[in-house]
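Read through the structures below before going on.
Across the two complexes that follow, subunit A remains constant while its partner is subunit B and subsequently subunit C.
Then we have the complex of A and B:
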């Protein structure tokens, strides 16, 4: 069908995008790999030559490594659990007949469009501030002592902020998936006497499984990289230093490029493990 | 086909959904309300909900004091420029993949997607260093290019899924009538592709507007967009709730409005066509 001429034209048209992305991937990646094998301290003597795998070993044996790993896992798992559980419930709710459905949908989706620095700052000051925050007012109203959220319960607070940002995404995708569910199937089950709970577990949930997997994978990739929310709220203090934040600090704050780059390589490998699963699903979808 | 629902059940659904919807929206609503209070009212205990002296003073203060216009302009240039540039580069690529697919098309698409998964922090220093060496740290053009590269995979993917929905027969008919490749693209494909291109433009503008890793790390006084402007309020001396709220409201309002138009595209764009 396609002629030879159109094939080469097609290649030509693809070239700019492919070349740019190839450069965007290869150049920095090669540099990161290169730096990761060198002792490179721009402010303290510059590039001091090869060190083999020293940076890799030092990155994982440093005292901040394992806490960072566990913080990352807690934040990612916490946000995933909250957004997916609430997202499924919200999607089912929003799929029900009601008045003003469109408006409710808009209200629920809105947080996704708030820029990360704004949501972090608004939560940090207007809600979680121990003196003037809205939560402090609320706590005092009930006679309780206000909590210093971002210092005494820093990780849960960040999970709350990030969940608020990502719940709309999960809800929207799950809602889209739920709307493709054949309602006759549910009606048939209802007529056969299946309880609402049984209908949920045997019809709705299996139907959603693919969408849930996709939400899980995409969110994991973005959540592994959250930055502004931590940068603005705690700056990595009070046990909120994630793996990406640790790498950021090594690179820009302590200017230990070798060490930070080794960390970067670990982060890239980690993200790729998640990405492989996502690509498989997306790839399968391309064939149909 | 639609299930008959009792009014009673519909009322219950409506009530629960509205309560939850308002609860989720509340932080935004509260920020908007606070932006119209005086600083004293903004922190008053008990909090004032609607009955306070509405004032727009905070907005004028923020605009006067902090050179808000420049940050806004930077945001528009960076988000708009990177999106437009991305579209210009992505349209031919997506077109050829959708209409002249080869055995490798799928691999190329997936590979492009994989570059999107690259954690930014992993390549932070190389990009930072390149910007310094090229003298473009804190430069709008550099950010336009970087954000374009970050969003290019999504742009290509979205356009590809839209283009695939255009029936190929129409293009063949045009070709048989003697249309050249240029004419084919200009007069046949473009008009049909405009809705898809518009949605892609919208979603990627939003993503670029809210991008808060590169914009925070690669800008200072000159090229900083609104993300960085807001982050500067986290310093203690900037802690004025009403002004923070006014600045925040101005930063998110345009995107909230655009965002509501892009709900559907959001799903397609961010799941790479895997959920429709």
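Then we have the complex of A and C:
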């Protein structure tokens, strides 16, 4: 694309995609901002005009705001910790030459293809049901009282379900990273007297740092917005109400679009704070 | 100390035996070069000695004790890899210190040894950089530094110069030779380049398909190659191998004569031909000669710049006492 003509042609060709993407982002964002400053109660009088920052004040001062923020962060952190720790181990395991490698790899990736709603329902009804669930049977087999997972340990249960869904993604990215590790480096470390554990911590893990960073960033973006898993399991009860679930409740259950929109703006701010935080911590891994 | 002995060592990958039973003794302090065409098993042999591959049958003894089942780290050997295998996320200092750190040596001693190695190899200027910021030759030095700090019984080099450009290769060749003189430690060096083998080795081991063809000093191999393979492999340009009628005159199946042992004469001469390609190097001229009736091409070296060009008629006089004779099995006739 060297000449003036070809450059303007390229701009013209790219324009539809750029306009579409911009529209896709800007229109909802503007509408959210617009509604967040208005009293809009669809079933109780509709759009009733400007209210200034009332919605913002009401949203943060509500007793459910800070618990929702902390639940969101706990779920995100828990899922990240589980998927990355297990992902690294699974990736190392899958990298070993073994019989039936292809089939095993597909099986490991499979959870990623299951829709969030479906997998949450499967976990809820088949595994975690306190009377008929597999866990309940297992507990009874050992003579213990079955746990009511989704009411007594609701947040850990959600973390478990979401981790199960995201583990394949982490494993896949980390597996490709592990496969690019030069085997001579491991052999050199072996000659240098490093034990298998030392080889893992001094060679493999630093090699994976960039891939772990990528997993961390991508998963955080998606995990801040998890909704379906909570909707079909606890419905936001038992301390599993995340920020995005709180917004959903404000808009649809309380029928208050203005208040929900203000929450949406807070969610954007929270996401950006987390993103900046992460970039600070792990950003240097992407440079080198 | 660093005497290494291989006794009836074999190696198979699945059903394929890449190294048939092999015996070899490497004396303490010797610079031994394994040389052979690619795929001849020289790198495998080195990895067997290092312990990175398990031997199928046989024994390896290091300094008289059986090391066959000893893990690589405990054999007291240090290896320099073809790709250098530096740890990319560690600084040069940490790379060199790594084996000492793994040996749980105390920090003061580590610093002392790293600084000493940096001194020997002129690494001081970039000791805090990472491998990614270094040139090929510098990385090579770091890899050697990482090997020498351990004060190993022997060094193993796996084609360490093949990733360097030609000028740097000659320089590093000298440096490794000097290092050997300075440390007087056993070194085993794998290469496919017979020039490296000739210039560096105390002892050359010529390998083909996992079999040792000949072991000897560079000049022994040059003067008395045991068979046609060694004759063709050692020496540059390659020895001319001639079969047929001309060989029969010398009571042999094959005769060999090196390009530097054929003189170009004005007239007469034993053999005649036409010049194909003439390579003028200034100090020498290499002629590739056709239509001699002996072999497809005959290579001849003339001292200085001889002004014969493509298509010219050339007269050749081989030196009778430099002709090597081989029998039908390709073995040397004394």
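Methods note: the second predicted complex is superposed on the first by the 270 of 288 C-alpha atoms of A that agree within 3 Å, B and C clash if a C-alpha of one lies under 4 Å from a C-alpha of the other, contacts with A are read in each partner's own complex, and residues count from 1 in each chain.
In the analysis below, a residue touches a chain if its C-beta (ideal position, glycine included) is under 8 Å from a C-beta of that chain, and two chains touch if they have at least 3 such contacts.
Quantities reported herein were computed from a predicted structural model and do not represent experimental measurements.
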| item | value |
| --- | --- |
| First, second, both or neither for A:184, with subunit B first and subunit C second | both |
| Subunit B or subunit C, by number of subunit A residues touched | B |
| Touching partner for A:38 - first (subunit B), second (subunit C), both, neither | neither |
| Contacts of A:214 with subunit B and subunit C, given as first, second, both or neither | first |
| Touched partner set for A:241, first subunit B, second subunit C, both or neither | neither |
| First (subunit B), second (subunit C), both or neither touched by A:206 | second |
| Subunit B versus subunit C as contact partner of A:198, first or second or both or neither | second |
| Residues of subunit A contacting subunit B in one complex and subunit C in the other | 184, 187 |
| Complex contact set, residues of subunit A against subunit B | 2, 6-7, 9-11, 13-14, 16-18, 20-21, 24-25, 27-29, 31-32, 35, 90, 93-94, 96-101, 103-119, 121-127, 132, 134, 137, 140-141, 164, 167-169, 172-173, 176-177, 180, 183-184, 187, 210-211, 214, 218, 221, 224-225, 227-228, 231-233, 244, 247-248, 251-252, 257, 260-261, 264-265, 267-268, 270-272, 274-275, 278-279, 281-283, 285-287 |
| Subunit C residues within the subunit A interface of the complex | 50, 52, 71-74, 77-79, 81-83, 85-89, 98-99, 102-103, 130, 132, 146, 150 |
| Touching residues on subunit A, where the partner in the complex is subunit C | 182, 184-185, 187-195, 198, 202-203, 206-207, 209, 288 |
| Partner subunit A, residues of subunit B touching it in the complex | 1-3, 5, 10, 13-14, 16-18, 20-22, 24-25, 27-28, 30-31, 34, 43, 45-47, 89-90, 92-93, 95-97, 99-100, 102, 106, 108-110, 112-115, 117-130, 149, 152-153, 156, 181, 206, 209-210, 212-213, 216-217, 226-228, 230-231, 233-234, 239, 241, 244-245, 248, 251-252, 255-256, 258-260, 263, 266-267, 270-276 |
